[in-house]
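The first chain written gets the first letter, and so on, giving A, B, C and D; residue counts start at 1 in each chain.
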Amino acid sequence: MKIVTIGGGSSYTPELIEGFILRKHELPITEIWLVDVEEGREKLEIVGAMAKRMVKAAGLDWKVNLTLDRREALKDADFVTTQFRVGLLDARIRDERIPLSYGFIGQETNGAGGMMKAFRTIPVILSIIEDMKELCPNAWLANFTNPSGIVTEAAIKVGGWKRTVGLCNVPIMMEKFCREAMDYRGHTGELYTKFAGLNHFHWHRVWDKAGNEVTQEIIETLYHPENHMPDKSMRNIRAISFKYDQVKDTGLLPCPYHRYYYLSGDMLAHELEEFAKGETRAEVVKRTEAELFELYKDVKLDYKPEQLTKRGGTYYSDAACELIASIVNNKKTRMVVSTQNNGALSDLPYDCIVEVSAEITSHGPEPIHWGAFPSSTRGMVQSMKAMEEVVIDAAVSGDYAKALQAFTINPLVQAGTKAKEMLDVMLVANKDYLPQFKSVIADLEAKGVTYVKP
Amino acid sequence: MKIVTIGGGSSYTPELIEGFILRKHELPITEIWLVDVEEGREKLEIVGAMAKRMVKAAGLDWKVNLTLDRREALKDADFVTTQFRVGLLDARIRDERIPLSYGFIGQETNGAGGMMKAFRTIPVILSIIEDMKELCPNAWLANFTNPSGIVTEAAIKVGGWKRTVGLCNVPIMMEKFCREAMDYRGHTGELYTKFAGLNHFHWHRVWDKAGNEVTQEIIETLYHPENHMPDKSMRNIRAISFKYDQVKDTGLLPCPYHRYYYLSGDMLAHELEEFAKGETRAEVVKRTEAELFELYKDVKLDYKPEQLTKRGGTYYSDAACELIASIVNNKKTRMVVSTQNNGALSDLPYDCIVEVSAEITSHGPEPIHWGAFPSSTRGMVQSMKAMEEVVIDAAVSGDYAKALQAFTINPLVQAGTKAKEMLDVMLVANKDYLPQFKSVIADLEAKGVTYVKP
Amino acid sequence: MKIVTIGGGSSYTPELIEGFILRKHELPITEIWLVDVEEGREKLEIVGAMAKRMVKAAGLDWKVNLTLDRREALKDADFVTTQFRVGLLDARIRDERIPLSYGFIGQETNGAGGMMKAFRTIPVILSIIEDMKELCPNAWLANFTNPSGIVTEAAIKVGGWKRTVGLCNVPIMMEKFCREAMDYRGHTGELYTKFAGLNHFHWHRVWDKAGNEVTQEIIETLYHPENHMPDKSMRNIRAISFKYDQVKDTGLLPCPYHRYYYLSGDMLAHELEEFAKGETRAEVVKRTEAELFELYKDVKLDYKPEQLTKRGGTYYSDAACELIASIVNNKKTRMVVSTQNNGALSDLPYDCIVEVSAEITSHGPEPIHWGAFPSSTRGMVQSMKAMEEVVIDAAVSGDYAKALQAFTINPLVQAGTKAKEMLDVMLVANKDYLPQFKSVIADLEAKGVTYVKP
Amino acid sequence: MKIVTIGGGSSYTPELIEGFILRKHELPITEIWLVDVEEGREKLEIVGAMAKRMVKAAGLDWKVNLTLDRREALKDADFVTTQFRVGLLDARIRDERIPLSYGFIGQETNGAGGMMKAFRTIPVILSIIEDMKELCPNAWLANFTNPSGIVTEAAIKVGGWKRTVGLCNVPIMMEKFCREAMDYRGHTGELYTKFAGLNHFHWHRVWDKAGNEVTQEIIETLYHPENHMPDKSMRNIRAISFKYDQVKDTGLLPCPYHRYYYLSGDMLAHELEEFAKGETRAEVVKRTEAELFELYKDVKLDYKPEQLTKRGGTYYSDAACELIASIVNNKKTRMVVSTQNNGALSDLPYDCIVEVSAEITSHGPEPIHWGAFPSSTRGMVQSMKAMEEVVIDAAVSGDYAKALQAFTINPLVQAGTKAKEMLDVMLVANKDYLPQFKSVIADLEAKGVTYVKP
């Protein structure tokens, strides 16, 4: 079995390798190929050497290959995982800081930053798929490049690669929070969860072993103003508490990214503080990564270091490894993945991509049916999906009007003149990574739009 | 745990008891109540005595109670299973013979006979539910009284008893056929199946362990004119072979009852022969049952006799026991059940009842999402569901026009004057069991409609 | 304005010409082209000469051209009307007599005959559209070749010709019946009608001028067993009375073709009598047509003769003329047409063709919204649409399995061995007109299937 | 014919009376009842006296009755129009100024102000309907109290009054703008428009007489940065120009209220300026109204004065009069009204209320079918509808969590702590008009929430 990881020079790679090693008995791996681009050569070499040490320390004979030649790697691959970042972390810093300089949340997944990231990423994923059609027509594509849901929708609907599954670590963390909340209530025993929504925009319900729905109990435990357990959130999202009444009314547990929508004003205020201090999430991550790569250089390090957990994407690679093991072995593991809707979420287009609890079989994810959302959440998820569709249209066509439309209907951007100015500057700032917008950017520059680091 | 079986005097009861005994380690049973009506008292006593012998022989201390007092039995029940037959097998004989005397297939589930059975059964299931609301408000209702899908829809939508699950043995047999077909092809290993449709009107797809869809391979193995394995069908449906081309075109495996729709002419011809010989399915079953009850009288018999298998409903009770075990233990077993659609089958009304593969959890079935049918099957399943809805409306209201509508749109009845005459005679013939149609039947009798045993 | 009529040699043509003449003030016609094929040359010459006489008698300077060269005619056309019949009336006789010889209703629109007619017609309409794309890319196509709904769906969905409108005379006659029924009740004044369904399979509701719905009142007037006015039906459908209760329950007025579905047994019995006497509708029409053409030969005849009314298609051509006048003048006339659904009938696929009340504007039909059907009619119309889709798939692909599927799911055919035999014979009988089934037919002939005139 | 106007003391009443007078030949009016509450007694007397002068000057014998007794007025009414404003203009001033004091757009229809107006209005409309059920069970209710769409949905879905039609003047003005834009391009002749969406949140398409869609041409004429005609907007919405690219991409013409969504930042900035100057729309309107009432006091004034046009609601009453005339005379006039969706807008719930082009018949509006929206607009309209549903739930239940939910998902409110504080203050400020929130408000006051005029 040949596994190819595109963006192999990522700091996440040791977790991925660890995941494979932990599943050595169920994964008949022979080769692992780590692919990167010239810009990431140094990182690839550092992390690749460490990956080799890890495999060796585990006493395995897997071949770990490092390459800048994507096509060489893809030849006859069985699984391709994607964790690349076009423009590296400097692009993410721009994605977050430019919007904040206009008074908007940047947010690298669903906000202005995420839309720009989609514009950079979609042409690349489509080009990878073109190679795959030729070189490994039966391979599965496990995408965890963000915005994961949007990139997965582009891969499946535009690229036509049905064997794409989008992954994210958030649902795994949500399940852990539920577990902790129930423990805090002294209520042990197995939980059953059901997730539905979009990537970074999903909700979940929970039942205990006796079949009682405990969603409201967990909401109370996590968010009741007087009664809650110590607050929990993900490392990359500040833990401002949700408003208890608002969450209670939905009857659903939100995901941490919902803070951007349910607490927009508070999140913006907080991010503006970080912006002022040069401590946006992207900047913090860049520093953490630099430290990680220093660690990785240590030729004696042959296991995933503790510090990687701080990076934020923990469990991400674990999700990828478990997905692969489930497909290979028809394990029917329950995972939350981005996959084709086909009506599982009745309120969203039949052919769109949703994030939903599914059994992972050897022929792919089989979603557990969800049905309809209540009004309190239905409109939000519908407006997000429509926005995602427009982002993809813009990313594929390079049409300025579509890009502006996306920046108009995205709920994290306040539509109007400032939003348009921000879009223009972001396009110019990303000039090197947006071939599809080439003539649009030339026009903007001709009109005097320039990017100055904010 | 208290389990109540309504229609406890049924010949199926030993299988049910056997099922409970087989699951003794996962079912904390304390009491089993077998309930029947005066008309079935003798059968209840025979089969009840045998049930007691079986439990005793298994070394269990479960109390087996026999009663004609339904309310006494229902008090504090945890699970209620329904396998009653209003009017006993004589009613079924009428359900089959009257239609055949008019040249139509009777068919006790979805044909003219099944509609009449629904008219008799729905008032009873609704009255059981009224008792349950008062006496055991948290109990689950496992229905296997036919027409199982229609009765389940009435229980959930009209009765408002959400904790109803409809059961059927057909999907279990279909999985066995698939297994046998693959074995015949020399292709061993686990299969993954997905079912969707309505009770006695569902289709399924199959994948092998490697993730390849093998539906077409099984279709060819079962139905190819030159190439098929020895034909398989259920005991209660004559094994006329499906037309290979027709099945191939759907890309789905049919259920045995589809013969009534895909081979209507052939099935009718065959049933008319049986009718002439006094060997309709109902008549055969009546004789088999008489033999079974002779066996059951044997005070030494304390296990399910082989002959029960001939009865036709084999695996039915097994399905009920497994359902209960899965709910009690949150086993997440995959079963095919009649449950609320909520959009799992996109082509059918959101709030209707469908038969679909589901995980059985402690809070009930969680359907695996199905989505849309191809045109070849979409219209058929939609027309069946609409017919089911009209049958329920007629059964609840006792409205003659609705009953005639049901007899007009049912695909197994050729609409027109003869269909209307048949309906009129069937109503009169079922006079004792149709309180809701009392004044309608009086009018018919006043007009001279009479029932003469055909 | 150039109008082209394909199938110009039809006996209907005088009505069409009369319709144009009656609208001379709103139709800026310069040329009328009557097109036919070699097989229809004689009829074209007779009826074409008469058309010229009619135009002349009306004192108009329109050029009437007769041609066998379709492409010459289509060049720069503004409107194309289609009334051709592939295989002439002899094909229709086969369409009706072969099914009846198997005990099934033939029915040239939605039954076995209609499906075979679709197989013959769809390749021709698609080839006309290919010519139109090249020769008259802005023309409107008014189709009244039967099965009009199916042919329109093929033209729009397969051919991609959005500017197609399907026409039928049945709704016009239904409005007249409603008017007569209300007059019979002594209830004068304007009526408002709404139609929805499929071609030859639609229902309607009626309101009086004061806004009261009078649908039930008309149902009673037309169908109440004791209370009805003298029965009304269309000339080509025997006037067996609908069952009052059945119609009352739908709350909708049926179309005459619903007799085939609501009174299947009675209609079949009646048609079998006609079959025995050699008086199927097709045979009667053939004789009527022969008489008409004798009349048309009269060089003094320069107006539409009364006898044409007996032909059955009366108002058909009128519908075409009114459609054209409405498009040309943005009249917003309310007409019932076959057009794109787009959700106007919520129970049917979004992209299918439906027959619905619409305002006819200069940019085409704008349907009056209908919404959902009650269960009593929902399933029927859904199953018909699915059947239509399979018929089109079979007609386009020439795939035998799809043809068999259509003959399996069509409610006027009793599925099974006889249905398959009938299909095989019909394919062979239509050999000359089914190029897409060429190899299928060769195989059937090799297996000994032959057509003998029944 | 008896017409009752609730909120009869409104400054709009003279336009309404003028509208009736202009239609005197088609409206068989005998009595007009102007109803108001004690708080509006003085205005009722002034405007009522003027209404009597107008009727007299027109030489009509209609009885104009003024009353504070709603039940007396409703007895046997044929049409009820509602134009009342709970809390008068002072409530509107609070609706606009409180949100602006928190940095949010107030907006009396769809923003924070509009939600609060719905909370005040829905209990009253439901109480009117209770009276109507008893006193005039066949009357039509023409609502133009804002938020008109939300109030209409409450009346139909909660109140169960199917004969409710919601009205608005915006579509009439939009048609005028289209006309002016086409005139500016030198393109005369009839236009055909189709509207769809929600009240104050709809889009439209336009065709010219020849059947060409001219929507993009009008978009260019109105919004192209270099090429547009002088800007047009409604008197109550500042005419900040839409972004041309954004509008072009939708392919639809927006309504003026879309500025709040497409130009949120710009509109907010502008409204904050007005806020600072004490010139919010509500304050301006209050002054205009005071002037109007001074005019109305003039016993010689017996016609609608020019100054009323400045008030902003012009054409509103005209719409009501035309609606009544169309219903009375089955005129089938095309109007844009709020009515039941039933699938006319495929993207919105089947049973919700939408604003859509319809034929007005004697049995009510018959919508012209619309179908699906493109992604660019689909999500927006879906999220607005979900918000409307939550607003109604909150207004009916008086549930604080639902109110907070509405203030969380409304796109004109930035969710979070400030939004919650604003809600709390608005509830307290509206204490006298929110009986359903009585205990919620008491709790808030107990926690120290107070309203201070901003």
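Keep this in mind: a contact is a pair of C-beta atoms (placed from the backbone, for glycine too) under 8 Å apart; a residue touches a chain by one contact, two chains touch by 3 or more.
Predicted model only: the values in this text are computed from it and were never measured.
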| item | value |
| --- | --- |
| Required minimum of steps from subunit A to subunit C, each step between chains that touch | 2 |
| Rounded Å distance, subunit C centre to subunit D centre (Cα mean) | 46 |
| Mean-CA-position distance for subunit D and subunit B (Å) | 55 |
| Whole-Å gap separating subunit B and subunit C, where each centre is the average of the chain's CA atoms | 43 |
| Multi-partner residues of subunit C (each touching 2 or more other chains) | none |
| Touch-based graph of the chains, sorted into line, ring, star, complete or other | ring |
| Pairs of chains satisfying the touch condition | A-B, A-D, B-C, C-D |
| Partner subunit D, residues of subunit A touching it in the complex | 243, 245-246, 248-250, 261-268, 375-380, 382-387, 389-390, 393, 399-402, 404-405, 408-409, 411, 414-420 |
| In the complex with subunit D, residue positions of subunit C that touch it | 190, 192, 194, 207-213, 327, 330, 332, 342-344, 346, 350, 359, 361-364, 366-372 |
